[in-house]
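Naming follows writing order (A, B and C), and every chain is counted from residue 1.
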């Protein structure tokens, strides 16, 4: 299943946050969206997932999601959004309970996603017992459990320290390598963008417009920390964004 | 290190970070009780506290033992506890129900919050004669009074708790296409539970306070009736026994809620 | 208890000194400044003796500058005497009053309202619902509810004595206030009650309740209310106390003559009703208040005499019901030096 955004624009009251976004998200690719703070990245992601209605334009699903996809458009949130009163497996079963699956199937799915995110031994642990990185792994496992057609990731690694971030990036890469998934990945971290994105969409400051779409040709599995080509790409992105970021920073002061 | 001139005068850095950190000192509370009761005992026995001012604590204790041994304690306690349980159960469950509805539906919120605000400050005792006309002089009017008294604080605590449920969790539920009922049952209710339980502490304390008022009309037995009778007989020993029983009830209720919190809210950080 | 004994001995000592002091003060000429006293009262016809003594200057004649403190119920009045906010008051003998006497705070020094077989006294009432169910006389009240304000109140005593005499059992419902009792009786929430005639008759007139008997048939010569003061005043301020009783008795005599025995003539009766109306039923016009006042006229003991037999009977009942301590004797409750 592909997604297409056709001249999508959005307003909050009088304030225009997104303007004329045209974008294709092809199956099996990770599309990163970067931009200065306040450019409407997160809003764009909420529009894509149907949590908000765009003021103008439309968002199209092209093709049908796989039959076994329980929740085709699935989010991973920056703040994990785990229920603190449920264990890791309880949080995963939460999103399966409404779908009348046989309980053996539910157990199977939970065991599978826990294994894929290397959480098997933490199945009974409560969020308060888990580190930030572990919590986000549970959230990713929960997202995988519904077999999404498209993963919508909203700065999933921003709340983590840099070492944990590196580890989780490796995990995401190996997850994708084993079984490619489609994803829209919003981040403000350019390093994450060049490590995880097949293409990187650079948004301008508010109202967010697409400034440039950068394709990264290196296969995901071959992108190492400190790769000179990636460094170059990251620098290019930064050059694109620097003036926008500076302007956005000043603009915020006037608000 | 070697760059430091060790020959100049040196002293340890002064500690200035103490205090302002509450520490557990359980025995102090008990000691305050003992000292206070001991002082009253001494005062009433020696005579600098007259027997019109306060009863002798040991006499109060003896009165309690009499009450226990005569079997009257249970005769008074059972109907009171019954009234508390029935009245508070009705009031609290209705309160939680209405509180959740207010928390979930804007229309109900707009309609009921002013009403709840209007009935909250009404002294429920003032309505007792009315309740007697509506519900009869027997148990029903007593249940009604306690239920009414616990209802409003529970409503306020509950909708406050629902309002305070982390919106990002609800957003998460929606993003996974959970049904409305699932979101309410699995996210809103457990999320509101801490607020509801702390509201329950207040509601149940109010229920105990209202017990005395509820037993003003037509109650032959009951702790409240016992206290009122002691008051009208100016029998200070019995009065203090009754008041102490209410205090103990309050402590027990608080302990039970503490245990429920430990059970239900073990997930809290 | 030790406490109490030592207290009593001190009180005895003090009263001896007090007597000497009193002998001295009586020598002081009459033009000396009036003694200021606070008198507690309810706005009931049964408190009329004080109102008469005040209005007709009998208190002034005795050198007393009286200020009334009005209460809603007898019970707080007893506590006010114990706390010395009120010096003299008239109230029914209740468990509270006996307990305060037991604690050395209050003392009965005279009698007030008295059941007289010849005069219309307190009535036994039943609700209309109970009446329709066939309860037309007190003997049929077996197993029914009987209203009282509080345990140990005079209503409790009356109900218990009626039950004793008839050999029936009643369940007593405490309702705290006379108003609440009337409401409960009218709406049939309780079956029976007993009350002074000036409340009973208008209620029965409205048809909501029915009179089925007289308290006097069950408790002859019932000393309904008594005059009391703080133990301290009774022991140490004998002059003022005696002066109060004298003025009070004069008021009682006027009242009895005008409205109870009706020996003073119609004009005096009307004058008396007008006087009482200044204090009682003040919210009603005279025409409406007058019948209630006349109906409510019960004999007030002449010379503030106290029917000791009745007081003893009441005290025995309170003790038997364990409403007051067993150690209380009639001497604890009554200062007999005033009543004999």
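Here is the rule we use: a contact is a pair of C-beta atoms (placed from the backbone, for glycine too) under 8 Å apart; a residue touches a chain by one contact, two chains touch by 3 or more.
Everything numeric here is computed off the predicted structure, so don't read it as measured data.
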Chain occupying the most central position, where position means C-alpha average: B
Centroid-based (C-alpha) most distant chain relative to chain A: C
Whole-Å gap between the CA centroids of chain B and chain C: 42
Whole-Å gap between the CA centroids of chain A and chain B: 47
Centre-of-Cα separation between chain C and chain A, whole angstrom: 87
Chain C - residues contacting chain B, complex: 2-4, 6-7, 75, 78-79, 82, 94-96, 99-100, 103-105, 145, 149-153, 171-176, 180, 183-184, 187, 189-190, 323-324
Footprint of chain C on chain B - complex, ascending: 44-45, 47, 51-52, 56, 129, 132-133, 136-137, 216-220, 225, 228-229, 232-235
Residues on chain A engaged by chain B in the complex (per definition of touch): 49, 51, 71, 73-75, 77, 79, 81, 83-86, 94-95, 97-98, 126-128, 142, 146
Residue ranges of chain B touching chain A (in the complex, touch as defined): 168-169, 171-172, 174-179, 182, 186-187, 190-191, 193, 265, 267-269
